[in-house]
Amino acid sequence: MNAYLSNLNQIESWFFSLAEKQAFFLPRKTQGINYRFEFIDHQQPLDLFSYKPTILPPGKNIFPDGEILFTYNKDNNGHYHFHQGTAIHSQLLAGVRACDLKGIYLLDKAFSDGTKDSHYLQRREKTDIIAFNCTTPCDDHCFCEAAQSLDFQTGADIFITPLFPISSNKEVHKKQQCLLEILTPRGAELIKSLVSQKCSNPQKLIKQALENRPKPFGRQFLTPVKQLSKVIHQEDAESIYQQYAERCFSCGTCNLVCPTCYCFDTKDELNLDGNSGQKTRHWDACLNPGFAEVAGGHNFRADPAARQRHRVRRKFDYLPQRFEQTFCTGCGRCGRQCTTGIDIFDIVNDVYLSIQESKE
Amino acid sequence: MKPKIAFFDFASCEGCQLALLNCEDILLDLLELVDLVEFREALSEKSAHYNIAFIEGSIHREEDTKRLLDIRSRSQYLVALGACACNGNVQARSNFIAPAENYKLIYGEEARNRVQVDKHYWPLWAHTRVRSVEEVVKVDFHLRGCPMDAGEFLTLVKALLSNQIPHFPANAVCVECKRNANECVFDKGMSCLGPIAYGGCDAVCINNGHVCDACRGLLPYANVDAHNELMLKKGISKEAIQSRYRLFCSAEKISQT
Amino acid sequence: MKTLSDSVIKNSYIPIMAEIQSIERLSKDEMLFRVHLPQPLNHHPGQFVMVGLPGIGECAISISSSPESGKILEMVIRKAGNVTGVLQQLKKSDLISIRGPFGSGFDLDEFRYKKDNGIKDIVIIAGGLGLVPLRSLIIPIMEHKSDYGRIHLIIGSKTPGEALFRSQIQTWRSQPDCSITELVDDPDLQEWDGDIGLVTEPIHKLKIDEKNTLVVLCGPPVMYKFVLMEIKMNFNIPDEHIFVDLERRMRCGLGKCGHCQINHVYCCKEGPVFRYSQLTDLAEALN
Amino acid sequence: MATNSRSATKATKKTVHIKIDHVTRLEGHGSILIDVNKGTVENLKLEIVEANRFFENLVKGVPPHDVPQIVSRICGICCVGHQLAAIKAVENALNLSISPQTRLLRVLLNESQFLQSHALHLYFLAIPDYVGVKSILPLASSHPKLIKKALKLKKLANDFTTVLGGRALHPMMPTLIGWRKLPDRNKLQALLERLHESVQDIEEMVDFIAQLKWPDYERETEYVSLRHPNEYALYEGEIFSSDTGNSVPESDYRQVTNEFTVAHSTAKWSRWNRASYMVGALARVNNNYEQLFPQAQDIANTLNLKVPCYNPYKNNLAQMVEIVHCTYHCIDTLEQLLAQDLQLPDLQYQSSEGIGCSAIEVPRGILFHEYGFDKNGICNHADAVIPTSQNINNIEHDMKHFVPQMLPLMEKDDLASHMEMLLRAYDPCISCSVHMLDVHFA
């Protein structure tokens, strides 16, 4: 595929021109210390390369909370008529990082496995992605390399690598160059409105740019992730899960911010007229105590440690068995946002350690 | 037959009833579906039996207890409406002060002594303890919050109208913060009771730049120890933490310590 | 992702509406619904459907009728909460919503008596509402009895008032090579002509060819552990030959919403019927 | 009862006993008790039977920024007023100052509450009396257009409060020094347009009110309101009395309210230059008529409200006049605000020892708050005097004057309903009023 060179100034005005044509989301710093994918609607200066994983991952734009699955109405003869739910519009997600690309890729897998999920897949089809490469770990929570998502490109239409060093405290110069790799025909379409020049030796430039990346890149597991999955699959490590569960609020934050969590609840709503209504779906969290409760009050995962284990295993054992991919992208969101400081990275390392210790 | 609905207020700001009057968009439609038989704030009619009785306010006096028991005996479902009814709200803070002391502080000793001998009016004054509705009668449903959430109110009424039992998930406020992509209050250098508090408010305070003070009360599974530890770790003094817990949740366990 | 083969995917949440043909009260909390479908579901025994009313909700309900029942679908619905409560208030000719069939179910072929796989004995143990899904397996077996080997039914209920499908069970008794034990935990001062006790009690008396036996269990969560223990103690039946039918909370039925997950499997997709051999890897299954 | 002996002599020899428990369509619990024996009023009481909530004790022990949040719960209808009064008083106690932008926002927030409260009271609570029905429900079918308009105005006011404060009840965006989060510009812009549109609706509502008949009853009293040199005083000002024609500063509020306790009321009572005084819309319009927007003065003319007006029932008309005034004033203020670039203020403050009070006009009259803080910045003193507790005394005086005068002309039921209407005309907020006298903690 083709590659182009362009500078930040040009990219910025390109983004503004794209934003005029369709819903355009880009990470933007909040008033505090976080970032958030926000709708770009007027020409405020963009801060393209300062970044840390957003509060919610961009995949949530494809799997929105509260989406209407269908609406219905009952006519005078008592017949039901069903209508498709929330209209699906095209959108462009820019500034998506490799870890979140992988997150979206994994959601694609999950939602097309078996019965296809029309709402997700149709919105996915209408979502264009301009991804950014990472040249430095976002912060202390990141472990994307260990989770095998660094340099992940699948699913992006355009993949941008900055050809200059990025450090969080220095202003990046607007004249600095970026390399844009076109990965899909849609990407080729999008790039048309960018002032750029064709690049003949992209591989070399990328190699140079990435050479200076810190090694290792971000936190590393005590053992390769494949091995880790095996341990987590085989060993219960009850006491480790218990230990973390004692601090846990069962608030579900870790689930809701995770790019690969997609569990949901559905809700049927009746309008006041009694003859029409809708079915909606809402993000759910397996860490919430009521998640596995059934009628009659039996709860299949009443114990917080069991819920903590379920989350960890889902990422490192259960879903990998199904899709042959680790379902943790190493974005670090769950650890970053857990108010009580529970980090899945620590849990899996502790599980591994406890096994090693018990062997000794 | 349309279900008979009634509202009764005890010690409260009457804001929950007002929150209902504020649902201008649906008010008239709703009134088509139900028979509003008692709503002192907006109506002059009265009735003997109620399908749904909404109780607003906390219970302070013998007088109020009697009235509440009477309402319960005439109601099919009884709903505690808003924080005052659900957990005593801020006025339950006065439980930390003896009633006699309360009177002295507010009306002065002389006035108190004068009124106390008045057989006719003393019952109006005879404040005992601030109690939630559930401490006095059986409550079928709780509509939490100060004020209650109009969306939840509607969910409840619609469910009961279609013979269903309304269900309000017991989730932390953090869940709704995530749904709103809020920056966590802790990340802004402030502190929050959201992780141990009942959600259902759509995290409205945090959405609007404030913090959560748990006006909806504590979750049944609230991990208070972990929260206390978290607050201490953030450098908040023991006294300040206690003052926070006692703001809206003075009736709850955490405030007793 | 850009190359979706079928660019318009079916909205799997939109149900079909079926008309209720009859509702029959079976016990205090349970009712038999017979509904008329626009087209046959072509289900396997042991599969389930998501049943409900638009605007009210849906819940998982096992198919109780035979795979050969065509456009007629039978279900037994117990009043357990909201949706089931509202469904029980419906009347003949009302509409209800159906999605499905979902889940794995049983493969009747495996149960047939064939020289090569040599299955001779089928043991079916049902506790309470567990009979409902198993009925979709028992009926086709009884109707084509000559294709199958010996059948042993152990059917338990709490009280005589809760015993389901008694007259139908009576008709099964006349089949050749068929033994049926009906039990109640507690006769509860009512008339009862069956046995008294738990479903575990008759197990050791079964006369079966261990190596060529299929066992099917369905009942409340507490039943499984004890019944399995009893079987293991008395017989040497391979784990692949024992089937259990499990229940979980379900929202979508499509293996997505995550509520029914049991370790790495989705109860709605890989289940609700599992071989016991699968469960050794599913620590959460018999929770 | 001495004041009424003169009228009683003229009365017939009727004996009437009236007891109205828990008067409906008003905020809070009040009862009216009237015993007339052979033409002599033996007993007339306005009982306030609301349970005590001891708010002044509740704020004891909390840090400054929690005070406004707690006292907001004194009353749902006046929550904005209580918050703003508390915020101003705490700022005075701690010597904090605010930016002009914050003042504009507060003025708007306060007036948004005037719009909502007046619209609610007028259309939902008071007007049914004058049309002769028991509630708004029959009006919804007999006057659908009018009720839709009233709902629309109320909704506009609520949305206004929501955009400015975060929600319509117990808003959380305003706090000490400024705003926790800035109101959304686009939403403010949209509100400005809706305010412009609502002018038309309001005129139609005025037409409806203009044709209603008001009881022909007058009793001159002392009218007390805030007064400000540059504007129709709502957000701030000095305390003005129609009796003296002079103002005193807000810090002298105790000298105005002179609170005292009576057994039949859990709310405290007030008096200033004579036995009782009146606060609220009528007092404000009487005192500050000249500062009303010309459009509001026109409406006063249309409604035949001539100042000074001594008919307490016409408080309802004064409310309508204020709806018009606030609508125009909000349009002006909002335009002024939107012309600026909104800044989020730094909300850090140093808490210190101190005591401070404030006065603000809320829909029902002047509201006074006062707070003190110890050297750790923890609240140790609180006092609040609510408009209704200032008015109750005056209402009872009105009743004592009204009953003997009207006894010969009215049947019992008519008399009772006129008493209820009189109480309602003041738009009393009884839950607010239940608490009291100075509290000094150690």
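Order of writing sets the chain letters: A, B, C and D. Residues in each chain are counted from 1.
In this section, a residue touches a chain if its C-beta (ideal position, glycine included) is under 8 Å from a C-beta of that chain, and two chains touch if they have at least 3 such contacts.
Because the structure is a prediction, the values reported are computed rather than measured.
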| item | value |
| --- | --- |
| Minimal step count in the chain contact network, chain B to chain D | 1 |
| Per Cα centroids, the chain farthest from chain A | D |
| Pair sharing more residue contacts (C-beta pairs) when B-C is set against A-C | A-C |
| Centre-of-Cα separation between chain C and chain B, whole angstrom | 45 |
| Geometric centre distance via CA averages, chain C-chain A, whole Å | 39 |
| Approximate Å spacing (C-alpha centroids) for the pair chain C, chain D | 67 |
| Distance from the mean Cα position of chain D to that of chain A, given in whole angstrom | 52 |
| Where chain B touches two or more other chains, by residue | 162 |
| Sites on chain A at which at least two other chains make contact | 31, 269-270 |
| Touch relationships between chains, expressed as pairs | A-B, A-C, B-C, B-D |
| Chain B - residues contacting chain C, complex | 159, 162-165, 167 |
| Chain D residues within the chain B interface of the complex | 22, 24-29, 47, 49-58, 61-63, 66, 69-70, 73-77, 79, 120, 124-125, 128, 134-137, 140, 147, 151-152, 154-155, 158, 166-170, 172-173, 175, 179-181, 261, 263-264, 266, 268, 431, 435-437, 439, 441 |
| Contact set on chain B toward chain A in their complex | 26, 29-30, 33, 158, 161-162, 169-172, 174-175, 177-179, 181-184, 186-189, 192, 194-196, 221-223, 226-227, 229-230 |
| Touch list for chain A against partner chain B, complex | 30-34, 36, 55-56, 65-66, 246-253, 256-257, 269-270, 272-274, 282-283, 285, 288-290, 337, 339-340 |
| Residue numbers on chain A that touch chain C, as the complex places them | 69-70, 72, 74, 78-80, 82, 84-85, 108, 110-111, 113-119, 121-122, 124-125, 155, 184-186, 236, 262-266, 268-271, 276-279, 281, 284, 286, 291-296, 298, 300-301, 306, 310, 313-314, 317-319, 321-322 |
